[in-house]
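In order of appearance the chains are A, B, C, D and E, and numbering begins at 1 in each one.
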Amino acid sequence: MPVTSSSFAVSPAGAATAPAPPPPALRLEQVSKRFRSSDAPGPASAPPVLAPLDLTISPGEFVAVLGPSGCGKSTLLRLLSGLAEPSAGTITIDGHPPGQGDDLAYVFQDATLLPWLRVDANVETLLRLRRVPAAERARRREAALALVGLADRARAYPRQLSGGQKMRVSLARALATEPRVLLLDEPFGALDEMTRDRLGEELLAIHARQRWTALFVTHSVAEAVFLATRILVLAPRPGRIAHDLRVELPYPRTHDTRRSADYLRLVAEVSARLRAVDPESGTGVPPAASSSAPSPAP
Amino acid sequence: GKKDAAREGASDGLTKITVQLDWFPEPEHGGFYQALARGWFREAGLDVTLVPGGQQGLIVNQVIATGRAQIGQGESVTTLLDTHKGFPLLQVAAVFQNDPSVFLLHADNPVRDFPDLDGRRIMARPGWVFLDFLKQKYAIDFTVIPFNFSVSNFIADPTFIQQGFYIAEPYIITQGGAPAPRFLKAWDAGYDSYGVLIANRDWAEKNPAALRAFLAAYIRGWDDYLHGDPTEAHELMKRDNPKNSDGFLAFSRQMIIDEKLVVGRDATDSSRIGRLDPARFATQIKILEDLKLTPPGALQVEKVMSTAFLPE
Amino acid sequence: MNARLLRWLLPLALFALLLAGWQALHHSLAPSRRFLLPSLSQLAEAFRIHGPALLVAARHTALAALAGFALAAAVAALASLLLASSNLVRATLYPYLMGLQMVPIIIIAPILILWVGPGAPSVILVTFLITFFPLVVNTTQGLLSVDRAHLDLFRMGRAARWQELLLLRAPAALPYFFTGLRIAAILAPIGALTADYLVGSSSGGRLGLGMSALLFSARNEIPALYATALVGCVLGFALVAAVSGISWLVLHRWHDSYPLSDK
Amino acid sequence: MPVTSSSFAVSPAGAATAPAPPPPALRLEQVSKRFRSSDAPGPASAPPVLAPLDLTISPGEFVAVLGPSGCGKSTLLRLLSGLAEPSAGTITIDGHPPGQGDDLAYVFQDATLLPWLRVDANVETLLRLRRVPAAERARRREAALALVGLADRARAYPRQLSGGQKMRVSLARALATEPRVLLLDEPFGALDEMTRDRLGEELLAIHARQRWTALFVTHSVAEAVFLATRILVLAPRPGRIAHDLRVELPYPRTHDTRRSADYLRLVAEVSARLRAVDPESGTGVPPAASSSAPSPAP
Amino acid sequence: MNARLLRWLLPLALFALLLAGWQALHHSLAPSRRFLLPSLSQLAEAFRIHGPALLVAARHTALAALAGFALAAAVAALASLLLASSNLVRATLYPYLMGLQMVPIIIIAPILILWVGPGAPSVILVTFLITFFPLVVNTTQGLLSVDRAHLDLFRMGRAARWQELLLLRAPAALPYFFTGLRIAAILAPIGALTADYLVGSSSGGRLGLGMSALLFSARNEIPALYATALVGCVLGFALVAAVSGISWLVLHRWHDSYPLSDK
């Protein structure tokens, strides 16, 4: 049940693809997660958020994660980053347990900028933690800010930024670390389509140079197909991998890729699969019932 | 003037003595200040520093016991108790032949005598042995509220009864606009306590000559303060306690003279200044034993006081 | 070594070490100064002798402390709401509240005795005065530090000023209020002791801890004096523990100072 | 310059459309906004965020707002809600100045749930402010939670929710008030496409019943076209209305609308216009420059 | 009426009202008690007579207050960092810090005099003891109340414990620290006055405010006593103003208690 190995595009994802694959960048074995219910003080009684799942990701893969709201995407990323611990199963990242010796950056779903630092200092935060020398820090900061188009807002405080600007600062902060593993939780969610596309292309360009392994949560199927080498479609309740698909579109992917028939076909197909994973997800009630919902004001 | 400069100048060859006073400088310290002003300590080869009291005045015996001062002024029964606690204290001279602590009452207060205190409220220092003594002797009980060095409550409240030094407080009370108070004097209840000079016993044993010289100058100072010109001593007191007014200094000195506190209430001349009577100490020890504050025989007169350092 | 175990062992070890250090210090003093730091056995002896009396005194002082503390908590909560309700009110009243805190208790003791009367009423009032201010400052700061986005929510919802105050600022200020309560809880018993020392009353021979301390101090019973102070500490710790417990109950579900168990 | 009146679909938007239009729900006259620069203490020296703009919106209009990140969309909504004041110009809402006597709900770009309230109490917050009776409150709360598919999370605290769930609670909170004017700042930004589409359809259904006036900021052109009767395309620096377009797709709009040729054509055309408003927006540097951005780790 | 004007007028009006009330209260008292609440003219007279001496005393006390305050701020900042650095350290040390606060100053005053000696060192120490605790409690609470999401950021960035402490918790705790500082600023001068009362030295006739108060009280110079307390208040207000100014400088750009001007 966990993985629907699926033949798609050129080949289904899986260990069988390449002979003697490189040691995996990320590996999950029978990982599950349930949260303690805050009301019952006893042992976990809430249903599991992630079902036991297995997953192997090779170095340099760009994996997009799709799935309905609340299905466990962020939880999966938190587990990989070591911010949360699995209830069962083991995780290895670059051969280490999460949070130990790995070189990883995580763009959270919220921008989480430090309100007392200006934009430029926020971008440098992670570099400071890694004790990157000041000159190098400045160089990377400038480049990252330019990349996300906020060079002119470098001296602003977070509370002076728009929502999309904050997310871009957060993205710049992660990219500046040039990690080996990059976890991105809807980094483009608050951005307009044009900025999104531009940043997507930039991201691919950087990936081509730096070859980090990426796990990219998005709600845009088009974005997933455009960016990823592989797409995981999660099904909810409990979170599990419903489809594990390889995207074999050629590189470099450019603006033209978005117009190619292959691309459009893939987008349509992934969309269909995504819609199929959980027919009752999204809204909990059928339209008939909900039409009696909020009624006219008295 | 000149004497002042001399006193401040050389201290070489002089024996240093620190004296802890029990309160801010006032005429009750007349002996010290007169001797200081006249240069008699210096003449005796002593370099004397007088440390004003305030809160430290409450812990004179601790100050002496820990060696921060060699000599201090205090009250004899309390000092006996402290000696029993193991403090190396020796009572070496009288300041006042009777400790001037009394109860102050308004003139029209219905309390006329100690038994009338039953059920009353008194502001006094908790722990003052006299309070226990009264309760036992007259089989009475009263409420104590802590003494706060102020007579404000007394002035404002015509029923108020409080502890006080009757050589000082009456002046402040009348200045505050209230009529002169009445007193219930401790010695009238048979509480026969001295105002005393206390020395660190170990220091006294090692420096008998210095102590003897000190006491001689001190007694001479008292005599001169009471019978001579107090102006210079008062100037020094004002320097160390700017709140001393001439009126207050004159009043307090006059009270000490009129009440014969220093020379003795039944004395005819100054010959008893500083004298201690071992028999009275025996009485005081008996009081403590009766109150079960010290076990019988724990205190012996010859161990707690000495007349050996007084001038012949 | 197991972290759980360490969490118990280390404080105990430190405690033992401190006791040993105390004892060593006692013995290192010149004999004439030893009374300043009684030995542990002297302390134990003091507790043996004065224990029952101290318990009675502690009950007195604890009641006054609790009354003053409760009064301070209630008045501070109301005062803070008032202060936070408008800049104008704050600019007008805050200085007087500060002034209230700056009244030197030691100086107003005679006035308290005259107007309020010695004993419990004055002791409660002084405890109130001592504990009130940290509560007001913290709570007001909390009421003012509310998240700007939440304020926008309430403004958008056309909340009345009192709704903003009671439904938004008040719950948001709870963590600050509890910080203030924790300070006040520590100050209350010791404040009550001090108050008893200054404006207490031995009415009926029933002394509070402060008057006891005065008595012991006058009689030079230093070990008993230390014992009295220790009893005051125990009261303080008890009150802090109670406040921490309530704080946990109120905050642990949602406030970040009580992390969600995620592991 | 401010408004590019454009003939589009059936008709350009504007006062000339209907004879004797009803009194406007929203009206902006020469409204501009600049923020005080936080560094210079003196008078505003920062460039204006919104240029003087004029805008009239009739009751019941469903207006989508599109524009690059940081162009001033949220600022516009804040001005309308009365949370910010214009630097110049006048605003009227339902005939009142903003914030006075208007009946308005605003779904912020961030969820801004109160952390100490459970989901159900959060949904009721605005109703409590309006002193809606408890029974009515409960009814609307249930309906709104069911609508956004979170009936089963009603007893959770906000910090136990996923990002998309939080936004849905925020949406439910606003919808439960049944306002006359509804301002929505990317309410579906954190949601998967399926939930998005479902909620969009629900929103249209409720709008059909309740006929509030909506200003709906979104980054999805498809969503804008699907939902709106009118689309404003904002251009940045300073924010101004570059296009004001009327969408004349027939109602009810359903799943089938999304497949209609008209719809697809409109989406393509709005996309093109959006991309044209600010060629240098989104990322501040051209690709050539940015390819020298974050460089390989040393 | 203009709101700006009101903001100045209302406090002034209240002040005038209070002064009038004071004066009325004075005259309403029985003549024999009037001295307890001196009239304004008596107060003015007291300032005229004792002004110069009070200035000298205020200088003494202000210096001690500043020294104790600065010491408390520095030690509290370090102690809070230590306490926040690990649960184990906190569990081990916090009780002793509380214990330190629960030492009744009044009881240990004599012991301080005997160990440290009367005068400035003791006064500074007591001021330190009085102001230290609100600072530690507030700052520690601030260090622990850091936003969970920010903590995640630092954990993700594999921050060392000291980095988390210095780069995240410390700045996040600044608003709490300043709240503590504001309390401490108010307590410091009055604490120094009290300390001077308890453990000051009047040697050489150089009195601090506390010793002056003790003497005025003993001599029943009530107007001068009030004047002394007022001088203490003025010192407190000055220190609070200074702290508020620094707080504004440090926080106004980013903290929600200083709203972005959006209007």
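Observations, loosely collected:
By our rule, contacts are C-beta pairs under 8 Å (C-beta built on N, C-alpha and C of every residue); 3 or more make two chains touch, one makes a residue touch a chain.
Just so you know, these numbers come straight off a predicted model, no measurement behind them.
Number of steps on the shortest path from chain B to chain C, with steps defined by chain touch: 1. Among the other chains, B has the CA centre that is most remote from the centre of chain D.
Sorting all chain pairs by how many C-beta pairs they have in contact places A-D at the top. With centres set at the average Cα position, the gap from chain A to chain E is 51 Å.
Remark: chain A and chain C have CA centroids separated by 49 Å (rounded to whole angstrom).
The set of chain C residues that touch two or more partner chains comprises 33, 36, 110-111, 114, 147-148, 197-198, 210, 217, 253, 255, 260. Residue positions 35, 38, 78, 83, 110, 157, 159-160 of chain A each touch two or more of the other chains. Those residues of chain B in touch with two or more other chains are numbered 58, 62, 66, 148, 150, 152, 156. Residues of chain E touching chain B in their complex: 32-33, 35-36, 53, 109-110, 113-114, 117-118, 197-205, 207, 211, 214-222.
Residues 58, 61-62, 65-67, 78, 81-82, 85-88, 121, 123, 125-128, 141, 143-146, 148, 150, 152-153, 156-157, 202, 293 of chain B touch chain C in their complex.
By the touch rule above, chain A contacts chain E in their complex via residues 78, 81-83, 99, 104-106, 108, 110, 112, 114-117, 125-126, 128-130, 157-160, 177. Listed in rising order, the residues of chain C touching chain E in the complex are 3, 6-7, 10-11, 14, 18, 33, 36, 87-88, 91-93, 95-96, 98-99, 101-107, 110-111, 114, 133-134, 137-138, 141, 144-148, 175-176, 179, 182-183, 186-187, 189-190, 193-194, 197-198, 210, 213, 217, 225, 228-229, 232-233, 236-237, 240, 255-257, 259-260.
Taken in their complex, chain B has these residues touching chain E: 24, 51-52, 54-56, 58-59, 62-63, 66, 68, 148-152, 155-156, 158, 172-173, 175-178, 239-243, 248.
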